[in-house]
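Each of the next two complexes has subunit A plus one more chain, namely subunit B in the first and subunit C in the second.
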Partner chain A sequence: MAWLHTWSGLVVGWLLLAIFMTGTASYYRSEITAWMHPEIRPSAPISEAASLKQAMDWLEQCAPDAASWLIDLPTTRLPVTQVMWQGAGERRYNSEWLDPASAQTLTPRKTFGGDFFYGFHFQLSLPSQIGRWIVGVASMAMLIAIVSGVIIHRRIFKDFFTFRPGKGQRSWLDAHNTLSVLALPFHAVITYTGLITLMFMYIPWGVDLVYGPDRAAFFRDIRDFSAPQVPALGRAVLASPETLIQQARQHWGQEHIARVSITAPGAVNARVELFRDTLDHVSSQPQRLVLDGVGGEWVGTNPSTGPVKAFYGVMYGLHLAHFADPLLRVLLFLSGLGGCAMIATGLQLWVVKRRGNSRRGVYRHIEGLNIAAMLGLPTAMAAFLWANRLLPGDMPARDIREIQAFFCTWLLTLLHAQMRLTQHAWREQAMLCALTCGGLPVLDILTGPNPINGLNLVCGLLGMSFAVVAWRLYQPAQQCIPQTRAPGSRPPRSERHS
Partner chain B sequence: MSLLTWSALLYAALTALCLSLNRHYRDVFNNRPIWPSQRALRWLGFTGIAGSLLFCIASAPDGRSWVMWFCTFAVLSCTISMGLAYFPRFISLAGKTAVTVFLTAVTIEFSF
Partner chain C sequence: MVRHGRPQLSVRYRLGVFSRILAAVIGGYAVTALFTACLAIGLPLVVLQPRAETVLAATLPAFLILCLAAIWVFAARSARRAWLGLLAAMLLLGGVYGWLSAVSLPGDA
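And then the complex of A and B:
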C-alpha cells in the first residue's frame, strides 16, 4: 500500500500543488478581481432596490431591444453592478459594469482578475475537455493517495500532534503526517467534491442512459434552466424594481437577491426571474422566484429538488464555499494552505529520502521541480498581480499579457531551479518570492485607490513568511540528524574525546 | 453557544488530548502524567471534542456549522502542534486559558 501512496502522490504531485494553490487563492476570487480593477472605488453599502433600479434604467436606455437582460447586484466582496444583455439572435452576452454609487459605466482595465486562478484550478488554461480530464485524473490520484495514506499510517493517533523540527528527513515526514491527519476531513472532502463537480463529464453513462443524445435536456434539469420567452409583438412597460423587490422580500426577507434575469423586456409576455444568494445554505442551487414581467405577480418558484439534485447541490456548494462568511473563508483559506504544505512536504520527503548527500543526478532535477512548484508558482501568481498594475491600461490584449507574465515567470523559475545548485535555488527563489509577495502592498499603495484591503494584508504576511524561510535557508547548514553508526564501528573523533 | 465558547472548549480538549500522550506531556512538564492521569486526560479530550461539536451544531443547526467546526479543528490542532514544537512551555498556559474562557463564556451565556 505504501508504494501506491508514494506513486499516486508523486506522479501528479506538482500538478496537484498547482491545482491546490490556485484553488486556495480562488477562495478570494472576488477580492482578487476587485484588487485587479483599481477603477472600482469602494462605496458605502447600496441597497439592492437602488442598484436594481439603476441597472434597469441603464439597460432600458442602452439595450431596449435586447432579447434578455441579466443583472448581478453588487456585493460587499465585489461592489459593482454587472449588467449583461443578449441581442436578438445572439448567443453571447454583452457586459458592462456600473458603479453602484454613481450609476455610471465603469471602464475597467482588461484583465481576467481572480477568474484566471479559478479557471486554472480546474482547467489549467488548456482547452476545456483536455484540462478538465487532466485535473480529474490528478484528483483521482489524490483521492487514492489520501485513502492509502490513512491505511499505511499505523501510528495515526500517537503521531497526531508530533512535529519535530530541525531533524532533516524526520521533520519532513512529521510535517507531512501532521498536516495530512489534522486537516484530513478538509483534504478528503475538497478532493471528493472536486471530482463530483465534474462527475457528469468523467462518468457520463448514467446520463446517457436516461437522456440519450439530448444532453441539453439533462443540463436543463440539473441547473433548473427554463427556456427563454419568445417576445410577443405587443409592448408593455416592465414592472417597477420596487414591485420586484417587494415580491422578493415577501418570500426571502431583506437583501437576498443575487441576480435578476429578465427575458423579453418591453414585451407583454416579459418574465422576471429573481435568484436568491446562497450565503445562508451549503447547497449551490439557488432558490428562484419567477414573476410576471409586466404586473410583477408571482408566477412560480423552482421545482422542488429530488435527492440526487440536492446531493449534487450540496457537494458543489461544499467545494465552492459561496456560503462562507469572512471568518469561515479565512479558515478555509488556511486549510487550503495546509493542503498545499501537505503536498509540498510529501514531494520533498520523497527526494530527501532518496538523494542522501548527493547534489547531482536525477534527484537534483526532481528537487528542482519541487522548487519551481513550491516557490516558483507563488512567485508567478504574484507576478500576475504585478503585471496587472505595471502594464499600460490601453495595451492591446493586456489581459493575455498578464497571463503570459504568469507563465513566463513560472517557466523562468523552473529553468533557474534546474540550472542552479539546489541550495542556491532554494535561497534565491525564497527571497524572490518574499520580494514579489511582500512588494504587492507597496505597489498597491502607489497605484491603487484603497491600500487597506485584505489582499494586501495576506500578501504582506505571505511575503514575511517567505522572508523567514529565505533567512533560515541563508543560515549556515547545521547537521541536525544524528549520524547513525554501524554496530561495532568506532565513534567519530569528536565524540571519543568528549 | 457562541463561536468563542465552543472553540475555547475545542482548544482545551485538544490540549488535554495532546497531553495524554507521554511524549508531549514530557515536552511540556518534563515528567509523566500523574494527575490527571493519562487515561483521564484522554477521556477529557475526546469528551471535550464531542461536546464542542455538539455545541457548534446546536448553536446553528445547518451544514455550514459542520464545515466551520472541522476547519476550526484543523487550524487549532495545527496551532497546538506548532506550539509543541517551538513553544512547549506555553501549551499548558494556553490550555488553562482556554478552559477559563470556556467556563466564563458558559456562565455568561447561561446567566443572561
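And then the complex of A and C:
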C-alpha cells in the first residue's frame, strides 16, 4: 500500500503540480483577465439597471437584426459589460466589451487572459480529447494517492503537530504530512469534484445505456441551456430594460442579474432569460427567470431539479467556486497553494530518500525535473504576464506570442535545471522566480491604469516568499538546503512509512 | 543503477508490479464500467425517476469504485490474487448485468 502511494504520486506528480498550480491561479481567472487588459479603467460603482440599459441600447443600434443577444453584466472582479450577438443560422457569437461608465466600445489588446491558465488546468494546451484524458488519469492517480495516503498514515493526528526542520529527509516527510493533513478535506474534494466535471467523457457507459445514441438529449436534460433559436415572427417593440429589472427585483431583490439572454429581439415571439449571479448558492446549476420579450411578463423559472442532479450541481459548483466571496476565495487560494506544496514536498521526498548523498546519475535529473516543476512553472506563469505588457499592442497574433513566452520560459528553466549542478539550479531558479513574480507589481505601476489591485499584492507576496527561499538556499552549508544531509544520518528503513 | 543500502529488486518482483499496474488500469476500469452499467439499467427497476437522474446516480460513484479497485490490486498479497479478485468482481457484475438486461424489457426503462 505504501508503495502504491509513492509510485502513483511520483509518476504523475509533475503533471499534478502543473494542474494544481494553474488551477489555483484560476481562482482569480477574472482578476487575471482584468489585469491583462489595462485598457479597462476602474469605474464608478456599477448599477445593473444602467449597465443593462447601455448594453441593450448598444445592441439595438449595432445588431438589431441578430437572432439572439447575450449580455454579461459587469462585476467588481471584471468591470466590463460584455455584449454578444449571433446572426440567424450562425453558430458563433460576435463579442464586444463596453466600458460600463461611458458605454463606449473598448478595444483591448488581444490576449487569452486568465482563460489560458484555466484551459491549461484541464487540457494542458493539448487537443481537447488527449489533454483531458491525461488530466483525468493524473487526477484519478491523485485520488488514489489521497485515499491510500490516509490508509498508510497511521499516526495522522500526531503527525499533524510534528515538524522537525533542518533534518533533511525527515523534514521533507513532516512537511509533506502536515500539508497533506491540514487541507485533506480540500484535497479530497477538489480532486473528486474535478473528475466529476468531465465524468461523462471518462465514464460514458451510463449515458450510453440510458440515452442510446442521443447524447445531446442527456446534456439538454442536465444543463439548462438557453432557449433554442427560433425564427422571428412579426415585429414588435422589445420590453424595456426597466421592465426586466423590475421583474428581477420582484423575484430576486436588488443587483442579482449576471447575464441576460434575449432570443429573437424585436419580434413578437421574443424571449428574455435572466440568469442570477452565483454569489449565494453553491450549485453550478443556473437559476433563471424566463420572461416574455414584449410585455416582460413572467413565463417560467428553472425546471424542477431532482436530488441527484442537485447533488451533481453542488459537486460541480464546489469545483468552480463561483460562489466564493473575497475572503473564502483567499482561503481556497491558500488551500490550493497548500496542495501545490503537498505535491512539491512529496516529489522532493521521493528524490531525497533515494539519492542519499550522491548528486549524480538519474536522481540528479529527476531532481532537475522537480526544480522545473516547482520553480520553473511559476516563473513561466509570471513570464506570461510579463509578455502581456511588454509585447506591442498591435503585434500580429500577440495572444499566441504570450503563450509562446510561457512555454519557452518553462522549457529554458527545464534545460537550466538539467545542465546546472543541482544546488546551483535551486538557488538560481528561486532567485529568478522571486524576480519575475516580485517584478510584476513594478511592471504594473509603470504600465497599468490602476496599481492598487489584488493581483499585484499576491505577486508581490509570492515574490517575497521566493526571495526568502532563495536567500536561505544561498546560505552556505545549512541544514535547510534540501540536498544536504550529514553522511550516516540516514534513518533506518523501518522507522517510518516509505 | 546502485541503490544505497537496498537489495536489488528481482525481475520477478518488477514483473509483478507491472502486472498490478495493468490490473489496476484495465481491470479497475472494466469493473467500474460494469458497475456503472449495472446501476444504469438496474436503478429504473427500483426507483421511478427521470432518465437524467439515473445516469447521474450511476456515474457519480464511478471514481470511488475505480479507487477501491486500485487499492485492492495493490493491497492484495500477490499480483495473481489481485487479478483473481478483479476477475471475480467482473464475473459477478457481468452476471448481474446479464440478469438485469433480461429483466428490464425494452421500453421498460
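Observations, loosely collected:
Going forward, the second predicted complex is superposed on the first by the 473 of 498 C-alpha atoms of A that agree within 3 Å, B and C clash if a C-alpha of one lies under 4 Å from a C-alpha of the other, contacts with A are read in each partner's own complex, and residues count from 1 in each chain.
The criterion applied here is as follows: contacts are C-beta pairs under 8 Å (C-beta built on N, C-alpha and C of every residue); 3 or more make two chains touch, one makes a residue touch a chain.
This is a predicted model, so every value here is computed, not measured.
Considered on the superposed subunit A, subunit B and subunit C are sterically compatible, since they fit side by side.
Applying the stated contact rule after C-alpha superposition, one finds that A:F186 touches subunit B and leaves subunit C untouched. Of the two partner chains placed by superposition, only subunit C is touched by A:I203; subunit B is not.
Using the contact criterion defined above for the overlaid structures, shared-chain residue A:L143 touches subunit C, although it does not reach subunit B. Touch criterion met: A:V362 reaches subunit C, while subunit B stays clear of it. Judged by the number of subunit A residues each one touches, C leads among subunit B and subunit C. Judged by the touch definition given at the top, the superposed model places A:A101 against neither subunit B nor subunit C. Judged by the touch definition given at the top, the superposed model places A:L337 against neither subunit B nor subunit C.
Note on the superposed arrangement: subunit B and subunit C approach each other to a least C-alpha distance of 19 Å. Annotation: subunit A has no residue touching subunit B in one complex and subunit C in the other.
Subunit C makes touch with subunit A in their complex at residues 1, 3-5, 32-33, 36-37, 39-41, 49-60, 62-64, 66-67, 70-71, 74-75, 109. Within the complex formed with subunit C, the subunit A residues making contact are 1, 3-4, 8, 140, 143-144, 147-148, 151, 192, 195-196, 199-200, 202-203, 205-207, 209-211, 218, 221-222, 306-309, 311-312, 315, 354, 356, 358, 361-362, 490, 493.
Within the complex, the subunit A residues that touch subunit B are 158, 160-165, 178-179, 182-183, 185-186, 280-282, 314, 318, 321, 323-324, 327-328, 331-332, 334-335, 338. Residues of subunit B that touch subunit A in their complex: 3, 17-18, 21, 23-24, 62-64, 67-68, 70-75, 77-78, 80-82, 84-86.
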